[in-house]
Amino acid sequence: MISINIEKKLKAYSGQQWLKIDHQFADSSITKIYGPSGAGKTTFLKIIAGLVVPEKGGITVDGVTWLNTSSKISLSPQKRLVGFVFQNYALFPNMTVQEHLEYASNDAQWIQRLLKIGKLETLSDHKPEYLSGGQQQRLAILRAIAIRPKLLLMDEPFSALDPKMKSALIAELKLLFAELKMTVLIVSHNPQELEGLVDGELLINAEE
Amino acid sequence: MISINIEKKLKAYSGQQWLKIDHQFADSSITKIYGPSGAGKTTFLKIIAGLVVPEKGGITVDGVTWLNTSSKISLSPQKRLVGFVFQNYALFPNMTVQEHLEYASNDAQWIQRLLKIGKLETLSDHKPEYLSGGQQQRLAILRAIAIRPKLLLMDEPFSALDPKMKSALIAELKLLFAELKMTVLIVSHNPQELEGLVDGELLINAEE
Amino acid sequence: MDLSPIWLTLRLASITTLLLLLVGLPLAWWLSKGRSIFKIILEAIITMPLVLPPSVLGFYLLIAFSPQHGVGKWLLNTFNIQFVFSFQGLVLASVIYSMPFMIGPIKSALQQLPQSLAQASYTLGKSERETFLRVLLPNIKPSLLTAMVLTFAHTLGEFGVVLMIGGNIPNVTRVASIAVYDSVENMDYSAANVYSLILFTITFVMVIGVFIFNKAQAKSPLE
Amino acid sequence: MDLSPIWLTLRLASITTLLLLLVGLPLAWWLSKGRSIFKIILEAIITMPLVLPPSVLGFYLLIAFSPQHGVGKWLLNTFNIQFVFSFQGLVLASVIYSMPFMIGPIKSALQQLPQSLAQASYTLGKSERETFLRVLLPNIKPSLLTAMVLTFAHTLGEFGVVLMIGGNIPNVTRVASIAVYDSVENMDYSAANVYSLILFTITFVMVIGVFIFNKAQAKSPLE
Amino acid sequence: QNLKVATAANLQGIIKVLGDDFTKKTGIGIDPIVGSSGNLVAQIKNGAPFDVFLSADMSFPKNLFADGFTLQKPVVYASGSLIICSTQNLGFENWERLLLTGRVKKIAIANPTIAPYGKAAEESLQKKGILSEIKSKAVYGESISQVNTYITTGSVDVGFTTQALIKDSKTTLYYKVIDPKTYSPIEQGMVILKHAQGNANAEKFYQYILSAEAKRIFKEYGYYVQ
């Protein structure tokens, strides 16, 4: 189980906002996170991954303390090892599709399977620059899953995919999540796209 | 009226694909462009804007030849002056929201109006780095419109916006398009989001 | 102690850096776009002065601009300009000598920028020049500053070339590096130390100033 | 004609560039991350050798490493290492002297990379070191090459420092720049020309090679 | 307008004394341009605005004269005196034996191909029959000034240099004058350059350098004068 209770100041709008979250995520659950633009969804995911540190709060995962601001504990991103699909993909310009996955995993069979899931087999030696928007986004998803994380954080992971591609991919991912017993948090703006996939929702709305 | 008839080789998949388009867009029309990921939608828009040159074909806009590969005519992007919303935003890291719009237009009132349409008034002195995904996307839209283009090309312009924000923005844009008599091409993966806005559709599907 | 070499040096370094900004920026930009074999060769030529021992470069300049023959004679007779043993000669030599320091870092930084930045600017109707000045350059500011600091400092410390074509004439070509060298040769180590210390301090202050200015502009993480 | 100065010079420049890669890369990387006042000062100190006239830097090194006293004496007695009039001394001096050329361009290029690259790598469980080597460095390859070319070439052309602490010993410290200088002094201008030409050619070929290698890797537009 | 006097590096110290004395007597100021003789010649041949050239040897002035850069034939104004010198008190009574012992690890000599003092030192070593044995200890300076730097900073154990160093140096030095019979005289020549055509002051300076007062100063600095 993942327990999160954090408070983070957002510098955003002229005034000041607080991102306050107090929530538990059950093991192997898949949760949709939504809320207005700029409310702090991305920030929330980054806090969980250890990329941003909140002013106050704690995170406990299966009994292990990842973060506790009062006792100054904060595990590094490397130790937390969550899968992270960045909203802007954050692909490595120097690596081909294949190299991205090899960077994340040593298992050649696993990589083959991922490429097939993302329908990128034929593009495996292309660099991000030569990929279309949707192809880039699929690569970002595959890279995050490649490390077989126990916890997967996805920031708007399907926004650049056409409906057919999207539903095929989601069907595959659903099986994969179950197989690997992943806990998954998905930020999404689209009310319908996650139907049948998620088993919970969390609304993020910043407070003044 | 905009007449387009082009052929462009896509290096993509292991084999070779051709992007072949032969289409007319009526003045002040709003067209939705859709098709599978990697089919060439972004490439098509870049060809119209003059950022990519096709192997063969021509583009004529209101009687003016923008492109004619057989007589080696190709107007520069600066001369074509289309509004372009890039799929990855392509914001300028060195400029604040306000500066982006000032770079595109000298009209202070116009800029104020745009900021309001994009709900970015309170963020006007933030740089892209400090904006959320949705805020960045709205800035990209505003910047493209700021030059009051006769032709506006939008590549997945609403993918990072929450539904409420999106429908409010689309309503505003609809008025603006009519007011400025813009011809608009919108690439979108979402079957519903453009309902009521567009008056035509174009399917792009690469051929072997 | 005679401080005129310090002023002369500062004047030389500032003028050189300024000229190289004017010449080097467009050149670096042009070199960063595409790569014909012609550009590669030009770039190699620009890099050359770096590899020649300064005294040798100075020697070639001395011969090239000697008022006794060839180019130097023609320049003297036609324009009454003499490049050897004159301040403008030092400026010319420094510009040639420090060119790669200005061009190199800027050019490679430009190459590393994503192409979409320039493209976005073009669709806004901006010329290549305006795009360069208002979009590309501001986004490589750290490299630009590095290039300027390297150029300025390198000119301050220039020695071999000046030794050759300068002639060590007080107030005209007797720059600080030569003054220090003289002091060392003269075993007047305290004067050498004072000159060195002044040069040191100036650069130190300059470099720290640049970094602090840079820091004020640096990206801060979310927290 | 005696070609040993050329070989010696190439050896010196290669070793210096290699050492500076090993020392300079981690240092540039460390400097590019965040900016404490301590880092700023350290960076200013690294930039210093650039601004000191080479002969003066050489003079200070001479005093620091003189085997009669202080550090030099201790080194000689303890490790039997002597830095004046020896090849390792030239290497040390060149490393100090060329350090800013390696550090500057790399550091600023690293600063210009988006932070999300490193972040993405961290979430994949990669250490900072691995992230640096496999993600950050490859994405600043043009700047890395610029830094290496500047360092190599600058060491080739180094003169004043070697003049001071080298002692012009054939096969040990008599590098090409000194050989050229001697020829000029001796009014043997043809030998000077030959040496210069060889240096020229080597760098020219090297620089062109690097650029062509770079070109093969450069991004090509969609068309 | 001050006279511009191109001055060989070994005169670095003495030229100030000479210059001050000359100015006191005539009211004419001088700007010494100090450098190695070879370098100064290269500059003179390429248009350097110098009036008088005081070289470290005769061959450079002769070369200038032959190429027509001077107003008259070169004259010898002084001859250099070679010494062996150190910051340590090693005992120079039998210096040729000393150089062979382990107490001396590095010996500074001016580059004999370009500096007359270096040529003289090697000649002397040759005469003593130890040149080849000490070759591995030799360290070469580009000019006599550089040899002086090596000696005074203690970078070398001993060095061969000009006696003028003793007068200039602020540190204590131990030295012995080398027997002038063991090397050919280090004759230093002077010329008035074309640039000084019609400049009476240059002629005055030329005469001063050959005068008895100047000779006294040269002698004080250890130079031989007729």
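Labels for the chains are A, B, C, D and E, by order of writing; each one numbers its residues from 1.
Assume a residue touches a chain if its C-beta (ideal position, glycine included) is under 8 Å from a C-beta of that chain, and two chains touch if they have at least 3 such contacts.
By chain, UniProt protein names: A, B = Molybdate transport system ATP-binding protein; C, D = Molybdenum transport system permease.
The model shown is predicted, which means the values in this text are computed figures rather than measured ones.
In this assembly, E is the chain whose CA centroid lies farthest from the centroid of subunit A.
Per-pair tallies of C-beta contacts place C-D first.
Comparing the CA-atom centres of all chains against that of subunit B, the greatest distance is found for E. Separation between the centroids of subunit B and subunit C, computed from CA atoms only, is 43 Å. Rounded to a whole number, the gap between the C-alpha centres of subunit D and subunit E is 36 angstrom. Centre-to-centre separation between subunit B and subunit E, using Cα means, comes to 79 Å.
One finds 48 Å separating the Cα centroids of subunit B and subunit D. Contact with two or more other chains is made by residues 59, 139, 181, 184, 219, 221 of subunit D. Within subunit A, contacts with two or more other chains are made by residues 88. Shown for subunit E are the residues in touch with two or more other chains, namely 39, 42, 146, 149.
Contacts from subunit D toward subunit E in the complex involve residues 59, 62-63, 66-69, 84-85, 163-165, 167-169, 178, 181-182, 184-187.
For subunit C in complex with subunit B, the touching residues are 114, 116-117, 119-127, 134-135, 138-139, 141, 219. Of all residues in subunit D, those touching subunit C in their complex are 35, 40-41, 43-44, 47-48, 50-56, 59-60, 100-101, 104-105, 107-109, 111-112, 115, 139-140, 142-143, 145-146, 149-150, 153-154, 156-160, 176-177, 180-181, 184, 192, 195-196, 199-200, 202-204, 207-208, 211-212, 214-215, 218-219, 221. Within the complex formed with subunit A, the residues of subunit B that make contact are 11-14, 34-38, 41-42, 87-88, 122-123, 130-135, 138, 155-156, 159-166, 189-191. Per the touch definition, subunit B reaches subunit C in the complex via residues 49-51, 76-78, 81-84, 86, 88, 90-95, 103-104, 129, 143-144, 146-147.
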